[in-house]
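Below are structures written as structure tokens.
What follows is chain A paired twice: with chain B in the first complex and chain C in the second.
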Partner chain A sequence: MKADSSKEEVHPCFLRFVTDVKQGKYSGSSEITSKTLDLLKQLIADGEFSNAQGMMDTIRAHGRYLHKALPLHASVGNMARRVLKIVREEYAAGSKIIKNKSEEIDPQESLHKIITSVESGEDYSSHVPDLKSGVLEHISEFEMELETSIDNIAQQAQEHIHSNEIILTLGMSHVVESFLRKAAAHRKFDVIVVDCGPIGKGQQLAVSLAKSKINTTIIGDRAIVGIMSRVNKVIIGTHTVMANGGLRALRSCHAVALAAKHCSVPVFVLAPLYKLTPQYLCSYDQDGFNSYIAPDGVLDFSDHPTLSQIKRYCPVFDYVPPELITLFISNTGGHAPSYVYRLLSELYHPDDYEI
Partner chain B sequence: MSRGKSNKDLESLKTEDVVQAVVVADNFSDAFVPMTNDVPSCLLPLVNTCLLDHTLEWLSNAGVQEVFLFCTRQVEKVREHVKNSKWSSEASPLLLNVIVSETCLTLGDAMRDLDAKALIRGDFILVMGDTVANVNLSPILEKHRRLQKTDKGLAMTVVYKYAGPSHPGRAPQDDILVAVDKKTSKILFHQKRVSSPDQKKVHIPMEIIMDLPSIDIYNDLVDTHVSVCSASVLPLFSDNFDFQTCEDFIKGLLMNEEILASSLAAYFLSDSEYAASVNSWPMYRNVTQNMIHRWTYPLVPDMLISDNEKPYQYLKGNVYKQHPVTLSRSSIIQDDCVIGGGSKVGEGSSITRSVVGRNCQIGNGVKIEDSFVWDGCIIEDKCSIIRTVVGCNCIVRQGASLSQGCILGQGVQCPAKFECSQRLQSSPGDEDFERIGDAAYIVKLDDDESDSEDGRAPQIWNELFSNENFDDEVDADSDVSSELSDASDRTMSPVLDDTNLFYNEVVDSLKRGFEDKLHCDNLVLEINSSRYAYNVSMREVNLLVVKAILNLPESDSYLTQLWQMLTYFMPILKNYIKNPVAQIDCLQALKEVAGAESEMLSGVVKFLKVLYDQDILSEELILKWHSDLKTDPESKDLCRVAAPFIKWLEEAEEESEEESE
Partner chain C sequence: MDVQAEVAEYFCQILREDHDVSAGIAAIRTLLYFLEKDNSKTLQELDNKLSKAIASMRQTDYPITAITSATELFRRFITLTSLLDNQSFDKCKESMLSRGQLFLNKLKEARDKVGKMAGPFIVDGCKILTHSKSRVVLQTMKEAAKANKRFTVYVTCSSPDESGRLMCKELDAANIPCTLILDSTMGYVMEQVDMVMVGAEGVVESGGIINKVGSYTMAMCAKELKKPFYVLTESFKFVRIYPLNQQNLPKEFKYSASKLQNDLSKEHPMVDYTPPSFITLLFTDLGILTPSAVSDELIKLYL
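For the complex of A and B:
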């Protein structure tokens, strides 16, 4: 593969991946994320790059393609950002060794250091030996981190769930499922699952929890407010965490969070780090933020006398503002919503925010 | 040996795995005239993406790997479009093969051509190039294969969607009634147009109801024109060259189930699945609306990605805007609108329930309602465009008012202050259409043709297209259908209809045969093939052939002509009238014709004599026939006319008896 033509050419694997995602061949966002990382790793392993700049251009082009093709799967763009960051780090490390400035390397990057490194990093054109192998190794480490992220979150369950508590959750989320199961191994508590309409699959979660002997109740969306006063904690998963600490989560989440605020119930959000995205919800893009699906779960297509009379919207997501959230639980521990910006700056390079 | 076998297994597995689809890039009709004058119907834009791309997008999403695109008209345009699209890129999930056959005039021709080319290996999916759908095909294929295991003759699984008789997603010409075996989902009965008020009764053959424990009868189905076909479908089309449409195919298969040893199954889409074929203007409008209302999700404007297209933004009120759109501050875009990229909307203009293409210039104070404005149009100030389709690159001059089903073909320049509700095209065409501007001519649909083919078509799109109100639509529907049933009163049931058609065909062949002095053997062949085409029983054939011969001579010199024809067609008569049963039919025909035409009466004796002499009719049957006639008061004349011959016969018999004694 030629590095300079990579801007126009997208690797066929990526096109297939996009089709597969659109066809719904992957079940959850964690699967999509790890597959993306696989593809990017493959891209680097297969490619021939004269320097870091070429490698980054290729990754960026493919990342941009994925981001454009799957605008709602923010984690896909996040993976490209992470890989870019890895390349930058490896390049910085490698070039410093070449320039024999190793004595100057400071494990803690000071503000001064960051500024100077940006200056030197303006061009990533100089040749760094073993850049590729370094990057690939680094990515493998990151892959490990991804794989264990759900487990890492579940490990913290005991710290957050206490005996005889009533936990409310909604929809179906793999992270929440394993989190509650892990806690149930040590403690006894009750779970209330909000069904969340035709797309939420709350019943699926309820069945799974009941099988692992957790006392589970399923309720309809309309009962959220009524039952909230009895709830000790709300624990939900999310689709994406925005840069300000707001959530793009399954619809009804906003209602749950508001009810929880009203009853002063803490809201915990389980979010592996790959769900953090440097995007904001902009006021002009309120609707582009969401995804609207066919209204078939709510109304019948054949019921045309009704359909001709009414307008119908079927959003998939809710935006939950950060002030309604008490705590994010990521694979590295608990963070307040106001701390998300700091996590982001650790995860991604500022130049890569706009991919 | 064993290795060879395993190889074979592998191969069969491989062919099984590749899902093939045949996309027919033509609707074989002129429903979209004048738009289809220089663009094939599958390249017409629907919500700013051409229909073919919608179809291919769906197929690739639905897991189809190989597509045969069958082109018949304006092949070069289709080729070029495909070449420039993402489907021919290396990374395309579809393997796209373009097949060209410019001689095909119907779907049947296309299928026969495909059969001759032998490209299809196994089960395949047959869709039209104008399908908009989001159906996952794998469960349908699975069901088809499962049914195939129990029913080896399963030829086709037809995909239906539920929608009641007055549902707007249902074109009147697509009204069907289907009876399905509940257990095996086999289609037992299929009839078109049942919703007309004069035809409230439906005739379902008794044996269907008697034979099976439970059947489902559906009146609320829409044919999606999507079907899964077994490999046997193509040869079936080849063997029965009268199968022209899918309709013919279904009908033919149901009628000759035993002969063709094939059956059909039905598949019903769930509510979350959408499929429709855009084959008329009403369907065009309806599918557009459904897409805007997101029934076709994920095939909606803001989800479509293609590398050279800017993304769409989805806003409140089902408004879709493609980047970059320039809207003036006082313009109003409301309710179910799509605006293509690069378009500009001027001050004080309002757009409601409409689709505007890319790079359109819309002036100040323009009103667009329930309309479709395609790419590159210029609409000048103070125009009013209501319930209209404006083709690509049209110019509508200041103050023009287009309304009520007006359709402007590509490149029409509509003069200023012009009021119109007709179809316009940019060139005068072959028939010198009425000129109203530099590049604007009124399209006159050929009356003769439209009468015989589909006389209601213009009416339908006018009415369906113009009425936003659904109640009106239903009324319009019933008007149309009542007119229709007036015309076809005589032919109430489809069986009778076929017999009539067969009869006409026989008359035609005989007439031609007599004039061109064709060999009678060839005529017999011709009649036999028409017989299979219309599924006419042998007895009816006998009856109708004799009838045709008797009706053939002109009335002025009836007798002489009859004589000539009888001698000429004698081999045909001999071929058909072979046994006593056939003779009875022959005499029955004579009775019917003689009862209807007075000229015939004078020829009866001659006819009987000739046939008797040629040993076609036996004596006793003639006598029996005559004695039956005596009891029938209606054929008194015939009885009287035939009497001399009968007398002669009786005498001859006596004589011969005497001789034998």
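For the complex of A and C:
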């Protein structure tokens, strides 16, 4: 209902940001995520809000705008959800001092709440002094958490990689790169990188690992199944973690996960918490969930005589179902896929799932 | 003695008059009615009388799983309310009655919420297999059809009571294309469908479900052919038991009260237990849950 009026009021920075992302000016989701958070922070700092409700409406409108403009970058929406949660928390903390309310209301729907008939409707209309500064401070803390999330994951490397193991990974992922490097400082092990061309840039990862003196082999996608029986562990990054514990990850990930399942090789997914989205895969028809890029890497334009007779597609993502994953390693520790629902309820307010 | 008979009669009357109400809701309405009429002087007395009233409902031939979960929820409600308000028994009872109505209303909203959650999973052109008759599944499908989604449904006729025929009739009335199939054709149609959607009589602590016999077979077929198996259910059907296998399921759950005296080896069980590993997701009014989230909810309530 408010969508139309808010459309005109979208902050110009956001428009520029969307164009920049679409033109591929940012590399990697961590950069996009921190940029989104910067923008939201600026939005709050610039705005004049009489109460928390107004602040939340503005954030939500901008979050919705970003989500619609960049549907495949789930972490953008996640940032808006996290900021909304921060506003809620700050508001609750602020109003507690004023009203002397001691009990905290759990936002989740639960059987307990149905029974005790607690009304869940909270209003955010009353004035809380210093709400803005509180929120901004809280966001800065969260920014720190974001910046250190990749390091925090890398810190856990020694617990998961042991001496003389053969690790298989796929494509280029910054978090996997730092994870393996960290482990290599203490242990000796071999890495097999699946190239995953033309989009995966596995060669880039292989070069970087070789530079830090890790024994690295690069293989093509078609050798995944053949080599899997020799592998001790699969460690991959992901684009998004869905609410059921499934992944939206780089193409070929599903093949790797299936091969790993077949050979009983554990699959570890390195996922900073900002990649966790409350969305589900509603249908196995993958069109709405994928993006397609120029297919010249699959079949070169120079093969022109055949071009008119062949349809070429180059999808970017795979959906990997949760039963193929052994463990998620996030900046707060290891989690089983069945535990993802719990993390979600801790990270976001249920009213913000649908942004 | 005749109080108990009255309770059972009131309960049966609700279910006879309104086919759209589930046994769990009827049980809670009955208990609220009982609470209103009751003239106990202490909480202990009330509790004893409630147990008797519950026992009399369990003697009727309606599905006992739903009655068990709903009545247990009600007793928990009584306990928690009495803890909140412990000035005097009269005041306590007053607040029980007023809160009870709120509680009942919340439960009635549950089905709509489930429909909203499951709606996006029904997409244009999909084929859904369902088992027996479930009011939640029916309502969800009706709502999806109202939103102009085109999909087809296969319904098993579901022996021995053939409740699938009723489901098919209702879907037909709502202009949703549906096909009635034999129970034994489950495997035959499974390759054609995109997903399985069933209701549940009860959701147990492991995250598995108790439902009309044949659901387990359907879940196994779906798993084998890698089709998602979705369960649509209201949260008042969560029940605190942990069956290990089919034999382990209490007898009262499997056979109707009037048949318990017969030689059970010659009787057909009415329900079976589907373990959580066969279930993809549960759509409840508490949100979309994975089977492992169910025990979390139950622990929160009964801790």
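Methods note: the second predicted complex is superposed on the first by the 321 of 355 C-alpha atoms of A that agree within 3 Å, B and C clash if a C-alpha of one lies under 4 Å from a C-alpha of the other, contacts with A are read in each partner's own complex, and residues count from 1 in each chain.
Keep in mind that, in the parts below, a residue touches a chain if its C-beta (ideal position, glycine included) is under 8 Å from a C-beta of that chain, and two chains touch if they have at least 3 such contacts.
Remember, it's a predicted structure, so these values are computed and weren't measured experimentally.
Participant: In this superposition, which partner touches a larger number of chain A residues, chain B or chain C?
Facilitator: B
Participant: Thinking of the overlay built on chain A, is A:S302 touched by chain B (first), by chain C (second), by both, or by neither?
Facilitator: So A:S302 only meets chain B here.
Participant: Taking the superposition as given, does A:V10 touch the first partner, chain B, the second, chain C, both, or neither?
Facilitator: The first partner, chain B, only.
Participant: Figure out whether A:K311 sits in contact with chain B (first) or chain C (second), or with both, or with neither.
Facilitator: first
Participant: Residues of chain A that sit at the chain B interface in one complex and at the chain C interface in the other, please.
Facilitator: Shared contact residues on chain A: 285.
Participant: Considering the complex alone, what residue numbers of chain A touch chain B?
Facilitator: 10-12, 14-16, 18-19, 22-23, 68-69, 71, 285, 287-288, 292-297, 300-302, 304-305, 308, 311-312, 314
Participant: Across the complex, what residues on chain B touch chain A?
Facilitator: My answer: residues 60-63, 90-93, 134, 161-164, 166-169, 220, 271-272, 274, 293-298, 300, 302, 305, 311, 313-318, 470.
Participant: Any idea which chain C residues touch chain A in the complex?
Facilitator: 73, 76-77, 80-81, 84, 99, 102-103, 106-107, 120-121, 123, 126, 194, 228, 235-236, 238, 280-281, 285-293, 296-298, 300-301
Participant: In the complex, go through chain A and note every residue touching chain C.
Facilitator: 108-112, 114-117, 243-245, 280, 282-285, 338-342, 350
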